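Next, two complexes with chain A in common: one pairs it with chain B, the other with chain C.
What follows is the complex of A and B.
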């Protein structure tokens, strides 16, 4: 016990707090995180930013809140997720526990929402414009962008593509309209959900698979390692995009399917990292001590070894989110993405059609994809510097 | 070395099995997977004809058998030794000389081997053009950035490269087609394809009207190029930047004039400003070699434009020029991402080696910085670049899927998309096999190159 007193007193900050501090000192990381945060806000509040349903109106003398009445389970889950994220951020405790708590609570709310929330199944976007024109609706408060992502403006006839601010029929489309006549800005705002959701969940799935396979490979080595490495090699040698295409073409398209598919095609890199870390860690004393005291395998692998080998994994995951978003937009761009639901890649796909170039469909959705991928790459880069002991030492010395 | 190569080649076999098995399992376990019904589904046929067609496919490909049997049959077909296949689909005697057979494509009704022989060279052409370009440019940028760590070029190139790396391939493709190939903006390049129909019948090299025209063309190119190269090589930093900015402004104005007439407008001003900023910044690059290369490329293009504008008559552009002209946009769109990644890697690797003990020793014994960089550090810094070359090929193959479908180039990437969309079993498996083989060969080549570059590595 006296030995402990000999260690010079040092402010005991958990490692995660130290990394977070080092990360937030970098301007690039702050910019990247700010964009991602903004995107999360936009995604969560999408129904209040871009919606054909008015937020408030008085119809035939009766007050109504159509936008709130039409919130569906996904909307509720996103809003709850954002609120819970704020709660988790302000609460105390280990970072991992707070993250796990946030995830569990959000998942619970999502399940509850899917079971209970039931918006009207029939959605008629035109009726509000008709009511207003007929003088039945008064004091209408609309969202800043008064068009839903799937509002194809049928009451205005066959509108089709219009450049930004074309101003036909007194409509204002800041980013123009797409092939079917829907507002591009609204579609982009609602598509932020797909981009963020796919990025996080696909990377999460890939991380779980990669960590388990890589951990087993690194801990056992020998035959397990040999077989595992062949498996990693197989998944690395199939071009990911091609495997994705095959999966999507043969399994049909839905957002959840795509998350799973992108997840199970991109785990090989994580497995390599975890394997390398575990090969290094398993020789160390604390692991030997854990083995000697007869702890179960899962406890040794995930409670004792994983937290010490998580650094390169975090960096890889940050870049992984960027490539998952790219994978989704690529699939949508090639016409194999989600049907009808908005997606940035699908908007970009309409930019060049039969030799006409619709610049607003390239610049705005393409810019959104670029900024998001750039933001994750900036964060990944800064994170790599933050967890790298070399730059840490150089930073302290200088 | 030979035994190592042999061992590696043998290890590739189980991996290739695994790759095709994964893809086969995906196809077979899909709802409505691979059946004769799904093949004839689209055709509007009489019930009897449909039944006959289904039977025919079942006999030919064994589609009514369990998936495992189907996979084994496919393996038997592609392996060079195995059971011979009779015309009615049943298996014959064991033979050592039957040769591999990739089967018939469902959709095209042609042997897969023929299709691949048609498409593969096109994809390889795109990739083999991109790889040297990527390496040359990224090493030039990386060396320059590492040389003056923390300097203006280092910081600017670092941000620019990370940005470039984040640009999705399809965005780059769409924007380049939209602005430089479509009819609304500058029609400098073709929108797609690899060659114009007329160019096939033309001479290989460009054909000019007379000998005087040839001389005029060559003279103009030589004069413009040497003027630019001389300017960036000799002039001091400030006049260089001013000259670059003026030239950029003129070119920007000319671009706007081509689009909306010579009367100055908003677009003229903006493009002139953008051109001035771009060329001014490029002319300010501290590395002489990099500047000269850029000025040379610009001079070649400007020289041809000047010669044509001043009366050199071109009868036929020729096949070579036409092919190159079609390849400009796809190759750029394919290579910029890898370029950004490799340039960052080059910089990091050089910096690590420049700070190493042996570099300090070299400096301590009195060598100048140039010698330390090129004779000592450079070769060691190449090692990570060689390692990465193995992963470059798969990413380029994936990139060509997008590029080829965007620029409607009939390469293997486009074939892959068509194959999965039409559920063409034989084609999907063969494309998987070939791209897996190429990837593994890339890994092997990288390992060999590693041993050549680093004498400490041996595979004995």
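What follows is the complex of A and C.
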């Protein structure tokens, strides 16, 4: 109507804040994020939740902190990542910059940790129990679950599968033990890292590749688009699982290799999304105006086009994380995943391997996988609604 | 005989949280054979009034606190407001026909036009057999003058032009011979020459059948052409209502007067300083051809000659209007001048320097000399950036201003020039109305201090009163700063107010160029004459 009346009194909020607000208004998104947040906490504090090394003990009259002394580079990186995430969350500035800052700082800490942190190479879990039995240790403060993921309880003769709370020798295994005698609860807690890490890193790799290739295809179209789309088709023709199986057969098992392979085989979907968005955005007047103003290409692509085309990408990414987790679990279930290191899929595998059906190895890891994938799907679904203008202002006629 | 009587109609719409009053106590009567025009600016509630009468508002999201709508025709009397779905189904199509604004989306693209017309007949005239229905369909299409109607029955909508689709829509609305026709901006999306034909057709059909017609429009020119009675709406209220000659010639209400005064051809024109001698932009034989590729090998079989040998000069301090109907190539020409589209042949010189073949790199510093403002206020500004960033970024790239503080001060000063409050800097585009966004888009174009600006239909999505403000602003900027401007439009009133010279474009070529006053008074080319005759004007009625 009249031109003057439309400026509202409330201060402006950027689009990212609007979307975050709309997302957090949904109960499903809150539940999903709460579960993911809980997983992240558990993953970061795993050495303090489940560890055979006591947190604090006095040995022969000397105070010691064995759990801290045995922290390795991965533990330090996870803790630093969590603390920095908290710092980034509390600080001010554009969401993208804060995320980039968090990512860079965490990567830096991780590199430093790998170079400097060196826990004792020889780990003897039994010694604490022996010292305690011999009366050398006093005032032992243990973690809530006093077993490490790889503590196979060699000092006890009767190791092997044990249902939950079937306690022998005064041991309490809340979720039972697995094939080798390790505590299932402890292994599940430490496996949360693989589940989270593989989801985020594999999806991150796919997002970066997909955005760059899709963006170039969409903006330049023509020959670039034709070559790009053929590349997309080639990658879509590769079945991820078989490629993973082949690589595992040739190069051995490594969780990092899995992340990279899942990442470089799943970018094609994101590339299609970005391409479609950029094809649409290129014709928009504000992009043409940016070209007419002589702005450099990087600014046009990443400042004017990408933030406007990022919505479907976010939604696809949250579903992508869930499918990456499932891919890793599948491999581990097939017995081709990580060796020795804990993983939910690997525990699930043990549930069916022996002649008896070990229900506690199926229910707990299976439940964790289900809840995590479900949480990501909830978030993805809520995000889809939050970025969709139709569900926001439905039915405004007139 | 009163055909439709609306008494004290109020409609409230819900946005999920609150109830907003869209129509507020509207009363009107339409007699058989009468055309009642509802005119008003966007958001004034004229479409909601029509939808309320038809009972077509979204279910559960509207309510009527008061009001009565009665239809009284040969089939008896019926109260429509709050009537059940079974009653309304009998009325819609059968007794009240409706035509919508957008001919491109009003027809189902997967059904032939014959099937769509037939469906309406089958529903409302179950007694007719297939042969009789086919005859009715053919007759209806002939009545709206679709050429070769008998074979056109089997065509799909995409094979028809916009004007022909609107004819089919009219045929569909009239096939069951309704007693009342509701037309919601039926010609707004059409070119003026097509609009003139459709209006003539509607008028003729209405008189032949003695229908009542409720015609919704925002264009006073159309009102003057078609209306018997006119009602002016503002913020849900009917502020003035009366015979068309009375209302247009002697408007009683202040709002009606201000609306008519805001029509561009009615705006007062100040004395203008003479334009510069040296041409700012020289265009010689410019051509833009798009290849048409067909077949397996994507061979180029033909070219679409969007712009075909155009020569044009723009002087500093001068507005040149480029006029033409949709698809004539005027937007392509505007974009080609700025090198947003690569020209196929010809020459563009800016301030004496040939820029036709400059590389993107060499062109970048010259970009600040020529700028553009686009048509659609919805997409003219980046929705994810605050206005300050949109304005400052180009300055930074081109090295205007020493630091960001100085650039911010310049941006604030510029906002004042386009008559926007300075706190707009920290807001996002979605917080502004269409007219405000176009002002901001003008500010973005001016931030680099260009010499030449292309304005591509920048006021056609705006209401007249908002358009008047923008036109005055543009003229002031041109006069005070000696800009050269190419103003692309299809609105003759805007041409008359704003431009010094005009060029008429048709099928990629300029058919006539000259001083605006001369061309409007004595058009030399046949096409210009046809175009000018088709423009609906207020004076046509007044005279």
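In this section, the second predicted complex is superposed on the first by the 375 of 398 C-alpha atoms of A that agree within 3 Å, B and C clash if a C-alpha of one lies under 4 Å from a C-alpha of the other, contacts with A are read in each partner's own complex, and residues count from 1 in each chain.
Just so it is clear, a contact is a pair of C-beta atoms (placed from the backbone, for glycine too) under 8 Å apart; a residue touches a chain by one contact, two chains touch by 3 or more.
Small disclaimer: the values here were computed from a predicted structure and weren't measured.
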Next on the checklist: Between chain B and chain C, whom does A:285 touch in the aligned arrangement: first, second, both, or neither?
Outcome noted: second
Next on the checklist: Contacts for A:120 in the overlay, against chain B (first) and chain C (second): which applies, first, second, both or neither?
Outcome noted: neither
Checklist entry - Can A:304 be said to touch chain B (first), chain C (second), both, or neither? => result second
Next on the checklist: For the overlaid complexes, name the partner, chain B or chain C, with more touching residues on chain A.
Outcome noted: B
Item to check | Contacts of A:21 with chain B and chain C, given as first, second, both or neither | outcome: neither
Checklist outcome for this item: After superposition on chain A, the chain A residues reached by both chain B and chain C are none
Checklist outcome for this item: Listed in rising order, chain B residues that touch chain A in their complex are 14-15, 18-19, 22-23, 26-27, 30-31, 33, 162-163, 165-171, 174-175, 177-179, 182-185, 191, 394, 397-398, 401-402, 405-406, 416-417, 420-421, 423, 428, 431-432, 435-436, 439-440, 443
Checklist entry - Can you name the residues of chain A that touch chain B in the complex? => result 230-231, 233-243, 245-252, 322, 326, 329-330, 333-334, 336, 345, 348-349, 351-352, 355-357, 359, 362-363, 366, 369-370, 373-374, 377-378, 381
Checklist entry - Can you name the residues of chain C that touch chain A in the complex? => result 13-16, 22, 41-45, 47-48, 51, 57-58, 61-62, 235, 335, 338, 340, 363-368, 370-372, 374-376, 379-386, 393-394, 397-398, 421, 423-424, 426-428, 431-433, 435-436, 441, 444-445, 448, 463, 465-466, 469
Next on the checklist: For the complex, give me every residue of chain A touching chain C.
Outcome noted: 1-3, 6-8, 11-12, 14-15, 284-286, 288-296, 299, 303-304, 307-308, 393-398
